[in-house]
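Shared chain: chain A. Partners: chain B in the first complex, chain C in the second.
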Partner chain A sequence: MMKDEATILPAYKPPKARSLLEPHRLFLMAVFVGVFACAVVFMRWDWLPKYQDRLIAGIWQTLVLLATTSFFGFLLAVPLGLVQVTGPRPLKWLANGFCTIIRGTPLLLQLWLLYYGLGSLFAQFPEIRQSFMWPYLRQAWPYGFTALMLSFAAYEGEVMRGAFAGVPRGELEAARAFGMRRFTMFRRIWLPRAIQRSLPTLNGETVLQLKSTPLVATITVMDTYSVIAKVRSDTLLTYEPLLLLALIYLVLTGILVVAFRYLENRVPNRGA
Partner chain B sequence: MSDTAQAIEVRDLHKRFGPLEVLKGVSLTAKQGDVIAIIGGSGSGKSTLLRCINMLELPSAGSVTVHGETIEMKTDGHGGLIPSNRRQVQRIRTRLGMVFQSFNLWQHMTVLQNVIEVPVHVLKQPRDEAIAVAETLLKRVGLYEKRDAYPAFMSGGQQQRAAIARALAIQPLVMLFDEPTSALDPELVGEVLSVIGDLAREKRTMILVTHEMKFARQVASHVVFLHGGVIEEQGPPQAIFEDPKSERLKKFISSIH
Partner chain C sequence: MDLSLLALSPPGWGGVLLAGLFSSLQLAVGGYLLGLIIGIGGASGKLYGGPIVRDLLEIYTTLVRAIPELVLILLLYYAGTDLVNQLTALLGLPSVDISGLAAGIFVIGVVQGAYSTEVLRGAIKAIPAGQIEAARAYGMSPFMTLRRITLPAMLPYAVPGLSNLWLIATKDTALLAVVGFSELTLVTRQAAGTTKHYLTFFLAAGVLYLAVTLVSNIAIGAIERRARRGMVREA
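For the complex of A and B:
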């Protein structure tokens, strides 16, 4: 009765990587090299060495902001998504309200409310000014971090809600049927399955988060964008710094996409 | 009540879904080595009965005893029952190897990881021991070569055999099969039945809900015919299939031949 499996289910073959040497690709590469060469030869780049160190510090600041806000935002998103699927009603409403408010208002507004609103409010209380927290609270980055982190948590919380709800019930039932405790089931089955299902969306959210980070330049955090803004006001150049800025964000996005694709391919998924 | 020769004893089990009473007082005893086949039309309550044994479905009334230990229940205030001791239910569940109609393998794990999951993370067995046991079991169900494959890339028959290996890995007191071949393409049914048949021949205690009458007749030591939430007739396979007493069983058997 054992039929030849090959006839029933063809082995999975990932789509073949197409050759880089196809004619239309060669043409596009030539165009790109041409544009790049023109930009290097005909535009002014003499300011680069002077700002090099500040630029590197700015990129580092952007990366740190992206990594920390995504990481802590994701940690917050897991309970936000979970209580919306399983939680008692008050918690469900609370999480739902949080996600709705954060997702329904501009990030720039939240950032300014935190920095100019809460920040100046803190300064009026001598108790706060004298506490150990003050050296942090008088800087700009904690407000930028908080706003970006909450934003990521709200968007990703909504994604995780769908991911948790979408894990097939039968797999959770199997875990229960074998006597798994609730926390073990969450840790071993539910959460990893939900993360696996949400990875493609998480990738998109992280790329969006990268491109939200320049907003912190408006509250004096020295990220990549604010370094470029400084170059522009110092040199009165328009295109060169902005082109470089575009290139930097493109490269960072590319790295993120490749990294996530690697993660997604670690557990091959079909259909689900 | 400490008759441990009785693997499972179900007493006067009722189950209501709202106004619908699916089980209307079912009692069933499985001794060590019994292979009990539960047959009946759709909606007769056979799957519900099986799922009440490991409390995946909570009975409205009645009791379930596994290996001499009765599952402690209390009323939930809405006319039903809930387990009063969750830890006890979890412990008893680790002695019951459940095989589902739709396999329910964990899709983010390879076959081997599926099989060692419960031994390692619930029964706290050392990982290398669990792997050794799992590899033996996978050889037995003919999936040793597939141990590093993910379920989504396997046929239904292979997935169900992997699910059987996963259930065997906990060294269960009783195997519970919930229509294990109903979700399979016809040409894949045989490979799964031959694995289950092997288990029956080695006198493993099992309760099997099935539509495969020929198979039930071959492997079962006892056949239970469920109709409308009660046991209409039960007995050894010969008696049930060759000499049915009740009109309903006669009709049921003639309808499938």
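For the complex of A and C:
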């Protein structure tokens, strides 16, 4: 049915993008290639082979952090958003308060609160020190993971609240008219429609999350940023490692944006 | 928890924290205002500038929005101070010691500028074209049009985005802790490290940041109501 309609309607053609080959753009590109070549030739890059393996491990660590914190943060964001729309009042307040507190304080402070604050608190209790969890709690990454995940959950929870509230009432009423139980209705109609509505902002949130990951380097997690920080303190170079770092994040952001665009095109959004 | 640690006078660290909060706010206000100025220029350039200006601004906003603030802050902090010192050396002046505050405001301003460029561009585009044409028909100069028509008329469209940016600015100041500027987060860490009462101090700093956000929210609500006066309320 949908397919027939799509063939009858003329496809939407976006206005033609301005060509990449306009003269001034060619000139700008030449300038950038020149600057890039100068940077490659005149700056010092001899440290690169030595740190190559560590750098790749660092990028991997960054990506793992990004993927896991976004995934679990999103799982947490769904109930956070849902509770704020339909939940009983105390839960609503709780979720709202959580989002306000996380969104109202800097991530760096939250990270240090968890790592230094909770970390030092845990160390005071012999019960915790002797439990099987202690080998993990002594490391830095559980704190980095928790802080990043909570932050993503709070920001995305706010988005999900809007997405849940924005699903047209008629669709939910139709589901009820079909005799769906509340949970079936949630699983089949409400959640998929809300996720679909939140997809465009999900891209932005994930890019923001990628940009937050280097903060974990301040609590000794070995991500891309801390590898570069190590290079800087070893070689005493100021700019070269930082420029490479900026380039790495630029490429990662680019990949994320392209991947999300592909994903969004795969999801049908007629009438959304 | 030992609350006497938060007393205002020297055995307690409350005064130090408040001084840190004050420099955080200075940074945030300065950086935000600088960002607004860059944003107004950038938005005008993106909307009315020539092709080269437009492409350069596009590169600026894309780069700033794609690279983590922490990395940008480090790059700009070192590059900015280096550049000024080389400039003074070139002019034969003794090298100046750039205050952390000035460098910090510069850094936050450049980052905020990219975001406010986008916010203001969207807001200016939302103004009905007839209003600007009317101003031109009255013979107003471009600058007067900007001051009397464009800026006030775009305000209701820009306030939500700009207030969001203000909240981001207050939180981004925490990143300057990494380059050693004693704003609230760094002094909190120093206080916590000295006294070993980590939880107390980080919670206290969190309360201070939260207070800034909540007070800002109240002010933003008032500004938004004022900017939207006379407009049809959305259903």
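Throughout what follows, the second predicted complex is superposed on the first by the 239 of 272 C-alpha atoms of A that agree within 3 Å, B and C clash if a C-alpha of one lies under 4 Å from a C-alpha of the other, contacts with A are read in each partner's own complex, and residues count from 1 in each chain.
Note that contacts are C-beta pairs under 8 Å (C-beta built on N, C-alpha and C of every residue); 3 or more make two chains touch, one makes a residue touch a chain.
The shown structure was predicted, so the numbers you read here are calculated from the model rather than taken from an experiment.
Chemist: Between chain B and chain C, whom does A:34 touch in the aligned arrangement: first, second, both, or neither?
Modeler: neither
Chemist: After the superposition on A, what does A:166 contact: first (chain B), second (chain C), both or neither?
Modeler: It touches nothing on chain B or chain C.
Chemist: More chain A residues touched by chain B or by chain C?
Modeler: C
Chemist: I'd like to know which partner A:214 touches here: chain B for first, chain C for second, both or neither.
Modeler: A:214 contacts chain C only, not chain B.
Chemist: So, A:184: does it touch chain B (first), chain C (second), both, or neither?
Modeler: first
Chemist: Under the stated touch criterion, which partner chain does A:97 make contact with: chain B (first), chain C (second), both, or neither?
Modeler: After superposition on chain A, A:97 lies in contact with neither partner.
Chemist: Taking the superposition as given, does A:109 touch the first partner, chain B, the second, chain C, both, or neither?
Modeler: Only chain C is touched by A:109; chain B is not.
Chemist: Taking the superposition on A as described, I'd like to know which of chain B and chain C A:176 touches: first, second, both or neither.
Modeler: first
Chemist: Would you pull the chain A residues touching chain B in the complex into a rising list?
Modeler: Counting only chain A, the residues touching chain B are 1-3, 5, 8-9, 11-12, 168, 170-171, 173-181, 184, 188-189, 192-193, 196, 267-272.
Chemist: Along chain C, where are the residues that touch chain A in the complex?
Modeler: 51-52, 55-56, 63, 65-72, 74-75, 78-79, 82, 167, 171-175, 177-178, 185, 188-189, 192, 196, 198-199, 202-203, 205-206, 209-210, 213-214
Chemist: Spell out the part of chain A that touches chain C in their complex, as residue ranges.
Modeler: 22, 24-25, 28, 100-101, 103-110, 112-113, 116-121, 207, 210-215, 218, 225, 238-239, 242-243, 245-246, 249-250, 253-254
Chemist: Which of the residues in chain B come into contact with chain A in the complex?
Modeler: Listed in rising order, the residues are 54, 56, 89-94, 96, 98, 100, 102-108, 117-118, 121-122, 142, 150, 152-155, 158, 166, 170, 187-188, 190-191, 194.
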